Amino acid sequence: MSLHNPTRNTATAAQAPQAPAPVPPAKPVPWRPLAAVLAVAVIAVASFWSVEITWSRLLGLPADIVRYLWLMFSNPNWDKLGEALAQTWRSVQMAWVGTVLGLLISFPLSFLAARGFAPAPVRGLLRMAFALIRAVPEIVIAIIILSVTGLTPLTGALALAVNSIGTLGKWGYESIEGVDPGPLEAVRAAGGSTSQVIRWGVWPSAMPEFASFWLYRFEINVRASAVLGLIGVGGVGDMLTSYTQYREWSTVGVLILVVIAVTMGIDAVSGAIRRRLTDGGKPQ
Amino acid sequence: MAPATTAVPPAPPGTPFAIRMREVTVRYPNGVVALDRISLDIEAGEMVSVVGLSGSGKSSLIRTINALVPVTSGELEVGGHRIDGARGRELRAVRGQIGMIFQGFNLAKRTTVLNNVLVGRLSHAPWWRTMLGAYTAADRRLAFEALDRVEILPKAYQRAADLSGGQAQRVAIARALTQEPRLVLADEPVASLDPPTAHAVMGDLRRINQDLGITVLTNLHLLDLARRYGTRLIGLRAGRIVYDGDAASADDAVFEEIYGRSIGAQDVLEK
Amino acid sequence: MAPATTAVPPAPPGTPFAIRMREVTVRYPNGVVALDRISLDIEAGEMVSVVGLSGSGKSSLIRTINALVPVTSGELEVGGHRIDGARGRELRAVRGQIGMIFQGFNLAKRTTVLNNVLVGRLSHAPWWRTMLGAYTAADRRLAFEALDRVEILPKAYQRAADLSGGQAQRVAIARALTQEPRLVLADEPVASLDPPTAHAVMGDLRRINQDLGITVLTNLHLLDLARRYGTRLIGLRAGRIVYDGDAASADDAVFEEIYGRSIGAQDVLEK
Amino acid sequence: MTDLQIPAKPRGRWKPYAATLVIVAITAVTLSPQWGIAFGFDAISRNWQNGVGKILEMLSPDFSFFPRTVAPLLETLQMAVIATLVGSLLGLPLSMWAARPTNPNSVTRTLVRTALNIVRSVPDLLYAAVLVAMVGVGALPGILALVMFNLGTIVKLVSESIEANDTGLLEAGSAAGGTRAQINRALALPEVAPAFINQTLYVFELNVRASTVLGLVGAGGLGLLIDAVRTFYRYDQLSLIILEILILVLLLDKFSDVIRRRLV
Amino acid sequence: AGNADAGPAADPTELTLALVPSQDQGGLVDTAKPLTDMLTEALGMPVHGVVSKDYQAAVEAMGAGQAQIGFLPSLQLWQASDRYGASVVLQTERDGNITYPAQFMTNNPDKYCEDSPVERDGKLYCNGADALSGPAGLDSIKKIEGAKVAMLGPGSPAGYIYPMLALKNAGINTDTGIEAVPVTANDAAVLAVHNGDAEVGFSFWDARDIVMKDTPEVGKDVVVFAMSQEIPNDGVALTNDLSAELQEKIGTALAEYSATEEGAAALTEIYSITKLAPADPDSLDVVADAATKLGLQ
């Protein structure tokens, strides 16, 4: 046994001269990915080529950004802070109720829409419903609901709830289908029924993902109140659009600060919850 | 041989399960034939080891017995219940009495060891209790006893993710024991365990076989373990049974037949 | 013993790496002391097996040598380079010459076998080539040769996810070989492989040790393999070296010392 | 075996219950008439026919309107394609920068995350309104607004999925002596590909739906047309437009389903 | 909530007022409080106010009986009465006018101005548009043929309906004869002309004031060269499920409020309204006519 072999340098140095090169298998041509990339490239080129844009406008953009940031933040109109906070609270209320209602409804539905938990027709129907909700503009949903509950924040909450069902349902069945099949099989093998499989096979591993996109949807709903603000149910989004339209930049600055603070707060909470659920909240 | 369905009355409560396979073929959707016309009788109370190359169909055999993989053709009976074609409540009732130990443990990592073990009570406890996780004191006691039997009781309230490999393996065994099974199916339960731990686990399996009379079917990589702990040895190769006999008397020639001509040859790695 | 830093000149290119550890302690952030004042000299070109209970520190030892785990105190030198405290470019250069085979393979499942093996060239190829994935013909040839050596060349363009366990293990070995390493660290490379495959893998490691003179350090669960393939055996227990000597002469008493009093006793399972 | 040493239940098991309680309390407050939105079923039970009537009105699309919708639809798609492409290509490296496994440096990671949180928190409506003042009306401000919006979404979703995935394989790159960028390119990229492609498709769908906002900046497209038909209460025309968007959404669903099953 | 089974002629016990601020004015409206406070007192029942920026939402709310009083722009006034039988009771007066013109603006005065632009309050006008009332300079709009034109959505009287009607009357095919640059707010129309995205823009008179707050040079760069016909101001509509007495009471209360000094001050301050005058139903015919002529078919 040669522990030290000073004549050997590396694997190739000694082997390359005499040993014939190994014959690798023919490199397969990845037709499908190539076709996909090609299709995307063609569509992209066509879009860029056909769109009418004066790209030179981008040159002035940095200076403009600085100018508008100055307009917004050099002298913020703190008088409006109270109202901004009140309207934000209203947005948060609508968003919260919308999210809670949305998740209560979408949660069971997303299981029925996931492969392996319900018959195919039910699955197809539910996926179609989720897609339909996502296809209808928010404001149209809001107007339908408005004819039932009037120009109240309840309308806003219900509109957000309906909207949330579309996205939460989709995210839900996607992450259920992505769950590690092992534990699920173990529950099945122990004689568990479908609901028990969900409770003890799917829920423990899908929980962090569900929690994270529920919170993300809450964040979206807080921002989506901008559109609902238009119909008159209030919220900080309404203020933002109005003050922007009338170019009251110093107020817009205050509103942006409030919105950023709220979003970052939600993000921080959601990050903490996600860490707790995924790794038991161990110190990093 | 005539179908045994009507001949054998369903096993009375508490008696171990026997397994009868008649010309069972399992073909996966992608065309791979994992089991090729297997006929096999395992008596109640036997302790059987199954060996074979990677890809020879060991896992498929165990998973078929538990109906996790559907039978393509042939007849399969466990404890007097027809398994091929069984569905719904009946299948769940049979499965509830078969303890399964998975190759990859299949623990729910983000919940406690105890909750994982209590999965073994699902088919026995009332539905609402399993949903709320509010098991009876008796069920919990069964779970604690199983944990104690595999010497991991102190970890009961830890998250399954925080376990070492050997500990996770033992929790999977405890889960199977908590079912009060009449048949234990163990898929390579000691892979990646160090020798003392491996012997401890195999000893546990032998104990439940000998003390409680439960039928045990174990897939194994390690021949010495198969020889030492099994009373009967089954060798699989490419989905067929190439050896079936006494474990202790299986010699090197037998193993060479099961595993192929020579160690390191290229053909032993391919399907 | 005096620190070896200045005494040993950095190894000249191509020569295998030696390892010198002086009073190395590794304490994880949660307080677990995984290595407890380990002093160890491994000569260039040795083939060493490390055995020990689960949780005894085998993985920690290997990962410390490659600086994947920081040294809490003590001195560590690999091939004449100080590893404790090394960072950035220098550390990458040393790591580039240490081939590591992980316990769980650590392959990128969604890309091809070839791309996984080419990871071994990261520290040798120019930066822009690695970014574009445009490796030189020479690099690709190295990768193909390594795949050929572990007899898995036909799978070069398959996705790593489609491999069986044994095949994935071989790809991980090919990746380490492609680095043209001077030291191979293998963490339980044959766990969960069937005996023929396990012997094939261990044979590969012995071959690169004997043919190329590369230093090899292997963690093993299986004592017969350790005895058969290693020239030197190191036994770890609770982060300390309890045996260090000739592999062939390690008898059952030695193993009992390493693994504890008796099989199945509770204390062998806990940290 | 009668004398089990059952370990004491760990402390801190009240925490989930406390969290549930907090959630229920917040929900109660937001539902209440005094402090919240005055949730009640009476209006719904009284007036639900109104809503059903509106929906029924929408159930008969006016297919003769189709020719008028083609140009706006193409315009919307055009902007959505460009914005998605730019947003996702910028978003990919930023996602790796914002995720712990692919960027262990906590300073730069926090920096990127904070910046993107701010980007994400500004409503798209506001981007549109400000950008139209900066670069004029047309497709450009619309695309820019969408790009900002896409960046925030993609980076959040993709970086979270990087963190949720197994990251042991990145160690293989470190052990081979690779730089962070090399490791991310060679090992992390193929692993995040499915998540990334899926989120890109999702963002594309968002962009099509955001056409209402694009209309606001004069970028035309479906948003403007929707406004126009709404102004004249042409629910039949509106439902045709919705039908077109629905087909698009279903197609994207299908794509992402195929990709999920093929790549994951 | 109203007590539905108190009798067929029963009026609701509380009212909702939907205020859609006219986009065609320079100030920001975010509250209906003075109006609702006053009405609550005058009618002896609670009146809630909602400021809605979506035309359709307000009209549909009235149609569904979710709002009883609507402060609506002219097109929506007509639609509310046409679709849901609401009665138009009052129209607003601004600076003594119950009408206002739309303006045609350009960044190319050499092409559109017959005379040299004159300055008023820092903004340029030509073709007699400095009279500040319509119609004026409409002869020059023929030259718009073939130009890029920034216009609002078809719901906007000043940003779309009236200027387009004028173009039609001038013999221009509004579908093919001009190149539309759609915008959805008046300030955006001004900016589009200022930035050169469009040669001509439509807006209410004078939307340049909004933009001048942060882009002062807009008054010089963008020249108003024509004014459309006068457009009816927004007004007040009441749903037909209110009893005649209640309708009467609401109308009177609002009219009287605007006649008091303090009421007038509040209305001017918040909505730039100087008076609420009895409605002239004929003035809405023009809107109806324009809307049907231009409506999407």
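Letters A, B, C, D and E mark the chains as written, and numbering starts fresh at 1 in each.
Please note the rule applied: a contact is a pair of C-beta atoms (placed from the backbone, for glycine too) under 8 Å apart; a residue touches a chain by one contact, two chains touch by 3 or more.
Remember, it's a predicted structure, so these values are computed and weren't measured experimentally.
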Smallest count of steps, each to a touching chain, taking subunit C to subunit D: 1
Chains in simultaneous contact with subunit B and subunit D: A, C
Chains touching both subunit A and subunit E, listed by label: D
A-C or A-D - the one linked by more C-beta pairs in contact: A-D
Chain occupying the middle, per Cα centroid: A
Gap in Å, rounded to a whole number, between the CA centres of subunit E and subunit C: 78
Centre-of-Cα separation between subunit E and subunit D, whole angstrom: 36
Geometric centre distance via CA averages, subunit C-subunit B, whole Å: 34
Distance between chain centroids, defined by C-alpha means - subunit A, subunit B (Å): 41
Sequence positions of subunit E contacting 2 or more other chains: 56, 60, 64, 66, 185, 214
Of all residues in subunit D, the ones touching two or more other chains: 43, 47, 50, 54, 133, 135-136, 138, 230
Which pairs of chains touch, using the document's own definition: A-B, A-C, A-D, A-E, B-C, B-D, C-D, D-E
Interfacial residue positions of subunit D with respect to subunit A in the complex: 26-27, 30-31, 36-40, 43-44, 47-48, 50-51, 53-55, 77-79, 81-82, 85, 114, 117-118, 120-126, 129-130, 133-136, 138-140, 143, 156-157, 160, 163-164, 198, 205, 209, 212, 226, 230, 238, 242-243, 245-246, 248-250, 253, 256, 260, 264
Residues of subunit C defined as touching subunit B within the complex: 51-55, 151-152, 164-167, 188, 191-197, 199-200, 203, 221-223, 255, 259-260, 263-266, 268-269
In the complex with subunit B, residue positions of subunit A that touch it: 182-183, 185-193, 195-196, 199-201, 204-205, 207-208, 277-280
Subunit D-facing residues of subunit C, complex: 66, 68, 91-98, 100, 102, 104, 106-111, 115, 118-120, 122-123, 127, 130-131, 133, 172, 175, 179
Of all residues in subunit A, those that touch subunit C in their complex: 1-6, 8-13, 15-16, 19, 21-25, 27-28, 282-283
